[in-house]
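Everything below concerns the one structure shown next.
For reference, chains read A, B, C, D, E and F in written order, and residue numbers begin at 1 within each chain.
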């Protein structure tokens, strides 16, 4: 059984490599390289996998799952600058792919300790673009 | 090829174990244990898997698939109390996970008899929570 | 300027008049009269009207508006039975129209005391049905 | 007849008054005052009002309307910093209300010159918050 | 109190004037003038206005409203060609505006005879374009 | 890492086999067999799979992916008749399944040449029906 929790956050970011000029960054990353930042309403889906507990009828307690996601991810990224303010993004490109990977790394162990298994992190940047990572 | 049909229903439910006190149920299930019930607009996605019939260009006839889902599931749960009124939920917790499992059991054979294979039952309780079962 | 805040809640309800038989209630209210309850994910939109404060650039502080709606409405109806457990619905039909009217009555004064004016309460019962009240 | 066109853009912003300390800004604007910016996927709805042209069956040509909105608004705000990079936001708070007002001012005349009348600018910051201005 | 019912239909159409050449039609109507047709999933919102009946707690019976819309509109346009097959569109441009006006004319009287008043017909052609008519 | 791009198009189609009578076609395909066509707003999701490029933080460049999908698919189907005007649909049933398969065939190689792997084509015909093909 797969159980998914949706959470949302709003953040600023920029795609660029510091060793490149603004022109080079624009050529590769387009408008996303704007040095003055832009931002998104991100939608995060965290899917865990596990057996249904016959006592509770649940894979894991959704309230606990939501609390873990909020404490370990949302509070660190919501209304923040993903390039400069988020500990688990230090030294990484702030692309949707890299944020998704980083969120996987943050959540994998705590969810295992809840008795379930992290199955998928899905991160939507806009209604037209999203990424999924399955470990 | 995977073909998915979406259907919706509205129902009341409550999460609790009869052998627990209201306080114990509240501790485990939170507001969902309210003895006076609450309810949801559930969204159900049924995905079947099969080869595309070269004559019709279809995996299965969507009208038939929708009819089966409506007769075997929607008519039994729509505007109903999931804890007390639904035959295939008798003696089970009315959690999203258990409803999803029960719907799988109800649909698996009739869809096989249509010449396709049930691949996934996805049940959304709110815009923030959903479960998926793949058999 | 009109500012709208969206909040959601899940609740059980039933449409019926106590002086009618179950058959009479079914004739008028259809499946919504089920004596064992059913429920919905309600979506509530509260729209306030006012001048934009030149200091803050805001009509009202959204955090305060959201807090008022949550304290005075959401906490009283979320995961509740709208027929039996909600003080501001006592003695009223639990139809979308009557809930909408009651929410208007609850919010009108507190929003006036915030320095804005309640303009519209919109209550969505399903993706297919909603009501709006403008006072 | 009222005709509405939806467009979207992604931008960074921050709510603050320069004469206040960070603490004072946080007290009034909360997380939205983060000095390192955050951002949103904004959704813009522009509604024009007019008679239906009996020759074309249209209020205005949607392609022209969309072109005007894109040239005068979207290209100036998309992937931009609303506080520092947008000419029509110079010297203004970057709140949803003020952006909405500024978009009204930008579009009012060009739409009049198309032979229609700007009726409403609606700007959605998140799925939970939006503003509307009717002139 | 305003009550809204959503219904959907799928149809083919084409924007053109028979007295123009294909080139002239393309210049005015763009890709929508394709002589081989294209189509849409239309979403229709019908809003009625009225007092809340104190006996039923309703403006009008939603089931009756939905039945009227289905019989008088949806059955005539769903899976149809809006230019050639719909009686109430005979001799009219199949633009969203003209379809909306025609639906108003079809529904105005039957809704008045139900004891309510048609307030708004809103017709969405795509997620980016919609029209509203208020009589 | 899986990266998905959403694109949309509007088209007319009809389900039928030329060797059948209209009655036979109606029996099998229902309203979808209407000889005068109907249409849809199709939503297309293209998912590619690949390693994250450590230089760019991306699986593939989304702008390039979107450009390929637009040039090879959207421009050929948007505002078109899927039965008669689309080269890659010649001689095929215009069912959602067959369109999905044809889009897979069109995109598989160009995406491989971008250095990624086509993982899934998902095509939504309405909010209630969609198909997915994984190769």
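Quick note on the criterion: a residue touches a chain if its C-beta (ideal position, glycine included) is under 8 Å from a C-beta of that chain, and two chains touch if they have at least 3 such contacts.
In this text the structure is predicted, and so the values were computed from the model without any measurement.
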Contact-graph separation of chain D and chain E, given in steps at minimum = 1
Any idea whether A-D or A-F has more C-beta pairs in contact?
-> A-D
Classification of the chain C:chain D interface as same or different, half of numbers criterion = different
Centre-of-Cα separation between chain C and chain A, whole angstrom | 33
So how far apart, in whole Å, are chain A and chain B when each is placed at the average of its C-alpha atoms?
-> 29
Residues of chain F engaged with two or more neighbouring chains | 127
Work through the pairs of chains, note which ones touch, and then classify the graph as line, ring, star, complete or other.
-> other
Pairwise chain contacts, counting only pairs that touch as defined = A-B, A-D, A-F, B-C, B-F, C-D, C-E, D-E, E-F
Within their complex, state which residues of chain E touch chain C.
-> 1-7, 47, 52, 55-59, 61-63
Footprint of chain B on chain C - complex, ascending = 8, 10-13, 31-32, 34, 36-41, 78-81, 84-85, 126-127
Listed in rising order, the residues of chain F that touch chain B in the complex are 15, 17, 28-30, 92-95, 97-98, 100-101, 127-134
